[in-house]
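Read from first to last, the chains carry the letters A, B, C, D, E and F; within each, the first residue is number 1.
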Amino acid sequence: MVFVTRRERFNAAHKLHIPTWSDEKNMEVFGKCSNPNWHGHNYELYVTVKGNPDPVTGFVMDLKRLSVLIKEKVINKLDHKNINLDVDFMSGKMPSTEVLAQAIWEQLADEITAAGGHLHSIKLYETENNFVEYFGTL
Amino acid sequence: MVFVTRRERFNAAHKLHIPTWSDEKNMEVFGKCSNPNWHGHNYELYVTVKGNPDPVTGFVMDLKRLSVLIKEKVINKLDHKNINLDVDFMSGKMPSTEVLAQAIWEQLADEITAAGGHLHSIKLYETENNFVEYFGTL
Amino acid sequence: MVFVTRRERFNAAHKLHIPTWSDEKNMEVFGKCSNPNWHGHNYELYVTVKGNPDPVTGFVMDLKRLSVLIKEKVINKLDHKNINLDVDFMSGKMPSTEVLAQAIWEQLADEITAAGGHLHSIKLYETENNFVEYFGTL
Amino acid sequence: MVFVTRRERFNAAHKLHIPTWSDEKNMEVFGKCSNPNWHGHNYELYVTVKGNPDPVTGFVMDLKRLSVLIKEKVINKLDHKNINLDVDFMSGKMPSTEVLAQAIWEQLADEITAAGGHLHSIKLYETENNFVEYFGTL
Amino acid sequence: MVFVTRRERFNAAHKLHIPTWSDEKNMEVFGKCSNPNWHGHNYELYVTVKGNPDPVTGFVMDLKRLSVLIKEKVINKLDHKNINLDVDFMSGKMPSTEVLAQAIWEQLADEITAAGGHLHSIKLYETENNFVEYFGTL
Amino acid sequence: MVFVTRRERFNAAHKLHIPTWSDEKNMEVFGKCSNPNWHGHNYELYVTVKGNPDPVTGFVMDLKRLSVLIKEKVINKLDHKNINLDVDFMSGKMPSTEVLAQAIWEQLADEITAAGGHLHSIKLYETENNFVEYFGTL
């Protein structure tokens, strides 16, 4: 079993803000992340696929194909977008890095299986100091 | 003459969009950066001050003091904000990285002079692939 | 289960030196790390906490709170200090990166539990070429 | 159990090309990686060894010794070489990152055991966007 | 005057080898860089353009357009190629980083002028430890 | 004219502390950098040499030779040392990054001239957030 990882990036706006809460409560829980007029990040996404290398090509999965798949299902929907407003697969969800990583897993898992791979993990950096990892329903 | 540099970071939303233009023209000129619902970045700011090291302390300028000054005049106004809507010193300006770097220079130059230093340059990264530098009115 | 990680940094001096050994033996085992007058590093610390995201906030653990906790229990005691001489929780211990990572775990595990989280791992970089990871008593 | 990691680097040429296939098929499967006249990379190799820190030295394994071992068995054979043509332990193998990581494991596992350590993983970056990990025959 | 920079990357093979010299002399002067079967690098290229930001768009030069130009004139000719054998604009030249940076300048300077910009510098990383900069015929 | 740069690294201890000042004044001016028992850093040093590439080798200066020279005159004296106590060329000097960069210039300028090169600048990182540059007596 070998694990191969592809990095992709996207730049997006979001806010952490619960509409049914007061501004004070949003500020207390989410701090400056609740700024009503949004803020944004350069996100870095690492998608890891596992499997045995093909005996002929030496590939677990063609990373060019994985890259195209990530772009179609994830990056094109998130890059230069507002995560709260513009992204179908985040509709009605809190755009924390944790929830976003789980939603990206849902976008990719079946697609990668259909392409002959097996999704192992999603790692998502919000800043150089903060990141999350998700391995599916362990 | 020695040049000392302090890095600070901020996360902000913006869009490149001219209201008097049609959506088509905005898209043609600014591409996905014109997304009406904003996008955002992790900006990295490098502020360089020049001078002769003090013969006693060995400092061109106390970087702790420079850091406080940058935070007060720049970071606190930009971090987790919308550059188009929330930032007084960017009001009425196009929030391109070029214009933002020039505006940050204006925020800092006199303050650094008052603190006994001499501002040399502003370097501002929007992404790992794109950055600008400004040296004042050469 | 989602894993969230916070990076913090500290700059410290140390030496790897066993007082009951001769200088020759210290040099043989620890090489230049045994320099009697100390040397130092910019350490990078990654603290990973695991859990299920809160259904309302989307957080496994508030990273601002985790950051405060790491600063109080670890960074403030290590930053700009001598690990051999100044750090209560390293007293009498060899300040190798391995032992330091284990001691940081001890500093944080119960505090994170008390804050409603679950410490998963400590990752500690001594240089860009050398780092260690500790997952508690597996 | 603590995990210690040493990073080493090498610069090498390779191509992904199956001689019994037509140029068209090689291009279709391997894309620009099949360029007949080679291309190359700055590879980054992370070797992770696990164990309990020695109660006297605080070391899982002396990283200086690990570094020497990696250089002798891996780096000296790969650095500034052609992976397809010059590297004995890759002879007859497809020089994909996956296969190369597995071959590096074979080069190191017994040597590290003989030195009193226990190899845990090989992580190999081909570019900043592509890397693989191998943990032996799990 | 503001300076804007775009980073692009390419992976290529090369060797530093003078055919009219003996292997011994090549090894003496170029060391392992003279390996007959080539080696390679992940090059990082930084192209800096200078000018005054357009009063309407805030751009010194559209970085999307600059990126396309760099890809057409430089990256597509170098990426996954052999610099000694495959690159028209390096034909008959020593593929040192210095000479390559100068040749990239020649590829881009007039094109950038035609696009309304002014090329300021080429910065080219061969490894994380070695890079060169060229500012034209100062 | 082309500028070539070599990066080298060293890990050292220091403190910013003026013995004739009270502890209070040292703390007021130098903050935690004045900790009596030292602290330390992973320094990164960039040495830039300028010149015209040799028409035969394509080199401004052989970077292997430059690397050896930097190691002999600078790194071997600083790495795993105490800058206040162990380094001959810093004796009696305040070990600020500014003063250290100037002293490294003095160590290297004539040596590089003797080797046929021309020293252009010394860039020295103390942390990822703080660095200085020195260009000699401009």
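Everything below uses one rule, namely that a contact is a pair of C-beta atoms (placed from the backbone, for glycine too) under 8 Å apart; a residue touches a chain by one contact, two chains touch by 3 or more.
Small disclaimer: the values here were computed from a predicted structure and weren't measured.
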Just to be sure I understand: going only through chains that touch, what's the smallest number of steps from subunit B to subunit C? 2
Which chains make contact with subunit D and with subunit F at once? C, E
Fewest hops from subunit C to subunit D - one hop per pair of touching chains: 1
Farthest chain from subunit F, going by mean C-alpha coordinates, please. A
Equivalent interface to C-D, taken from A-B, C-F or E-F so that over half of the residue contact pairs match: E-F
Please compute the C-alpha centroid of subunit A, do the same for subunit E, then give the distance between them in whole Å. 34
Any idea how many Å lie between the Cα centroids of subunit D and subunit E? 28
Indicate the residues of subunit E shared as contacts by at least two other chains. 128
Inter-chain touch pairs (all): A-B, A-C, A-D, B-E, B-F, C-D, C-F, D-E, E-F
Mind listing the subunit A positions that touch subunit B in their complex? 9, 11-14, 32-33, 35, 37-42, 79-82, 85-86, 127-128
Can you list the subunit A residues touching subunit D in their complex? 1-8, 48, 53, 56-60, 62-64
The residues of subunit D that touch subunit A in their complex are 16, 18, 29-31, 93-99, 101-102, 128-135, 138
